[in-house]
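Common to both upcoming complexes is chain A, partnered first by chain B, then by chain C.
Presenting the complex of A and B:
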């Protein structure tokens, strides 16, 4: 008996974690895969007509999904490089200055601890047209002689601009935090060595600083990609819950709408869309890792 | 390139902000490093050696004074325009670059007419790698090298642009004892072959003495003495230099000059030919090798033990007037040991017995008790002990 216990002791310790992960992660994941292949699934009777790729075909032909895919890709492609680049610039500036550095660091970190919806409200004040106000930004544009634009209900490019600005602003603080600590961890002796050899600042940055902090930069790019692909709440904060109508839906938003939205109740389509998103994120992350393995050396 | 420091002073603001007074790391330094020589900057830790090196390199700017390379005043030139090569204590090799990329890094900074092609850079890297004998390691990264190899790469990187002055900060301190011995010879060879004026910092007097053409001894930011290692050893300007150079260290006694002779503990040890105005208490420093065992020697010490180490034997002894150390160490030739022990009763190792020595006058230095400055005196063997 005792030997029996010794043998399976490890599993006993693992049991709580296995139970919870199995019930709330593994089982739903498998279920999602099954749902995505079941054709004509009926929520009430819990039956389907058969299995196949019909759900995928439907989702890929759905104009709302195509719009969501396009929006998501634009958000990813625009915000990840820009936010990482801005974060790097700001971190370099923060590292370079001496007086008031702590104050600036705090200021730049504030958005991280601010509620998403509160930030959304601030953006409303900046961009939303109401009966009483045209929004701060429009007032500014007009003060300089331009003609105003409706950023929330107006043309697509204006909405996309606000969307990207919002996303960048929200993700910036975390990246700045990571990059300033990465910059601080570079041994100053390397800068001294480079200085004695008469190295130009640009060469110091690209040949020494950037390679030294490259592990952290790649970490931020990978998590940034994943985070941007999962964008949803930011869009709701800016454009309200009916994102399809606003033309600003994202992939996660599409999945949500298919399940619980006004036109929802289609777990099969939602599952198919979720799996498509998963495959995209997987592919991009693999590419990222391959690139980083070639460029990050230690 | 000749390097001249002219009344150079470096002050740092005190780390402890409550203390307004600056810390003076280098205090009014004036000396001249001749062209093409290997110079050892020597002193205990915290004496301002590295700061001096940084001042020469331009990484630190002096608070006062001028620095000249040859006849050019470089005081206001930043590090990048001085054309010095600097090897850091921990080598500071770029971890993400290969050995070759590390070595060619300084060449990549050249612009305009001096700009080199990739092939030219490779050629130079191979040449300098051959000089420090790391030719077969060019594709490795620093993490794949041993400490000694890393150090060679660091030297190669400093040499590749043919600097006017090569500066090394504690170049051997990160190496193990055997490698240190080998590397210091190597350092001297590289310096000879390139003929570049080289300054290296060390706290290890043996290291400095063994390979330097000239040594500069420092203490608490103050210049103490400069000269050929043997000259400094044989003619220390003050008590600090005398104590700092030599292993085992010099034995210092509190003695007197009385009636033209040196007296320690009532015993007349040597005859001293000094000017009349010097008399009274002095420090008497006797090098370990200055003791000659002699049955009727003029100086008696209380024997503690005898350490036989092959060729030489160390006689460890005590004396009530010894200053600044617990025991006296005298080094004598092993075949003279019997003479030390002659007159002993039966037990060879019995401690507490008085052993007698004659003192070699050229191994004795006299220092002022208040200032520690050397007292010039012609010393000679004293007349036979009155018994």
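Presenting the complex of A and C:
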């Protein structure tokens, strides 16, 4: 008996993890694929009409999905390069100073630990224009001679602007942290050698600094793409839960709306949309990895 | 752009002549200006929520141009926030959810990481590879079935339903296993010779040595739980089970009357304060943990 126990003891230690992962990750993964091919699945009776690609076709023709796809791609294309580039600028500046560096780093990291739903409300208040008040940001715009605009319920470009701004504000702490530690780990001997040779600063940056931190930059680009494709709660914070009505829905938002809420109850459509999203992210990540393999220097 | 970037990294190159020194000072001044600008951009929303939460509703609504200061600070909004909506309830729910989830997860991942790091059994490497491959699966994909599962189990609007799917994290198992493996195996062998049981060894030796990592993981998990929004939104529609994120969304859409912005901001401050305090206490641990783990919230 004891020997028997000894032999399978390791599995006993692993049992909880395996059970939870099996029930809430492996099984759902298989199940979501099945759902996505079941046509006319009824959530209450749990029966379906047949199998096929109908759900995918439906989702791809749904104007809400097309809108969500467009919004998501715009978020990705705008925020990933901007946030990575800006984070690089800040990190370089941080590395070039000594006094107060710790203070700046702490301040910059603050958005990481705050509740994005809660701070999103503050952004909404700052950018919103109501009957009572112009809102903080419009006040600034007017001070510079522009005309105010409602960023929350106004034209599409304005909503897109505040959405991207908030996304960047939220993702920067992580990127700054990773890049500052990458910059700090560059061996100072290279800089010393360059100084002896009298190398120009721009050359130092492009020939030493950037190649040395390129693995981390690519890492941030890849995780940035993945994260931006999954944008959802930032949008909820700014525009409310009915993102379709605001025209600001994202792909993840579309999945959840199909599943739950006023427009919900269609797990099949939700599954098809989630799988389409997964395929897009997978493709782009693969392309990213191929590009980085060609360009990352150590 | 290029030259600007170049100057940042170019400070290593220094010259002792007078004009170079002057140029260096100007450059440093620009760097600080830039950094201060972004620090203000980060802090401004926090300042604004504090400021607005101290303004009375009538004062706030009478400001056509919002003011950067408050004439007569009042704490009424906080009273309003905790009495007009069940904010205290949301807090208690989030606290229970966070503590139970984090506690259970620590148990599960410690056991699993120990098995992977120290126990030998057939198929260990294969199983570990399978675990790692699970890291690639996005939450959005599995949440659909989990929603159906929890609904069918009649666990909607219950703590069990909220907690169950968050109890394991492949990533933290991986992180902890790496840490456990750094503890010299000789200790384990010596303990085996002395007849110490595996479980006792794990409890008396491994856990105390790996404590810094365990604390880091626990803090990161607490932050994650505190900010969780999507899953609780799917699983709860009964307000008495709302977590703070859902509570704040509920407040935004139905609470206080839409125009009572100061009370809303008081709620936002109340929700943000615990995490900011946690961050200020464990600043180094959190930042080191996030940068080592390389995870995004």
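Simple rule for what comes next: the second predicted complex is superposed on the first by the 280 of 298 C-alpha atoms of A that agree within 3 Å, B and C clash if a C-alpha of one lies under 4 Å from a C-alpha of the other, contacts with A are read in each partner's own complex, and residues count from 1 in each chain.
Quick note on the criterion: a residue touches a chain if its C-beta (ideal position, glycine included) is under 8 Å from a C-beta of that chain, and two chains touch if they have at least 3 such contacts.
The shown structure was predicted, so the numbers you read here are calculated from the model rather than taken from an experiment.
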item: Chain C versus chain B on the shared chain A, clash or fit after superposition; value: fit
item: First (chain B), second (chain C), both or neither touched by A:144; value: neither
item: Partner touching more residues of chain A, whether chain B or chain C; value: C
item: Touching partner for A:278 - first (chain B), second (chain C), both, neither; value: second
item: Touched partner set for A:113, first chain B, second chain C, both or neither; value: second
item: Which superposed partner A:130 touches (first chain B, second chain C, both, neither); value: second
item: Contacts of A:195 with chain B and chain C, given as first, second, both or neither; value: both
item: First (chain B), second (chain C), both or neither touched by A:212; value: first
item: Chain B versus chain C as contact partner of A:5, first or second or both or neither; value: neither
item: Shortest CA-CA distance between chain B and chain C [superposed frame, angstrom]; value: 5
item: Chain C-contacting residues of chain A that also contact chain B; value: 192, 194-195, 198-200, 203, 208
item: Sites on chain B touched by chain A in the complex; value: 57-59, 78-81, 84-86, 88, 90, 92, 94-97, 105-106, 108-109, 141, 143, 161
item: Touching residues on chain A, where the partner in the complex is chain B; value: 187, 189-190, 192-200, 203, 207-208, 211-212, 214, 297-298
item: Sites on chain C touched by chain A in the complex; value: 2-14, 28, 31-32, 34-35, 38-39, 41-43, 45-46, 48-49, 52, 61, 63-66, 107-109, 111-112, 114-116, 119-121, 124, 127, 131, 134, 137-138, 140-149, 164-165, 167-168, 170, 173, 198, 223, 226-227, 229-230, 233-234, 244-245, 248-249, 252-253, 259, 261, 264-265, 267-268, 271-272, 275-276, 278-279, 283, 286-287, 290-291, 294, 296-297
item: Residues of chain A defined as touching chain C within the complex; value: 7-11, 13-14, 16-17, 20-21, 23-29, 31-32, 35, 43, 88-90, 92-97, 100, 104-119, 121-126, 130, 132-136, 139, 169, 171, 174, 177-178, 181, 188, 191-192, 194-195, 198-206, 208-209, 219, 223, 226-227, 230, 232-233, 236-237, 240-241, 252, 255-256, 259-260, 267, 270-271, 274-275, 277-278, 281
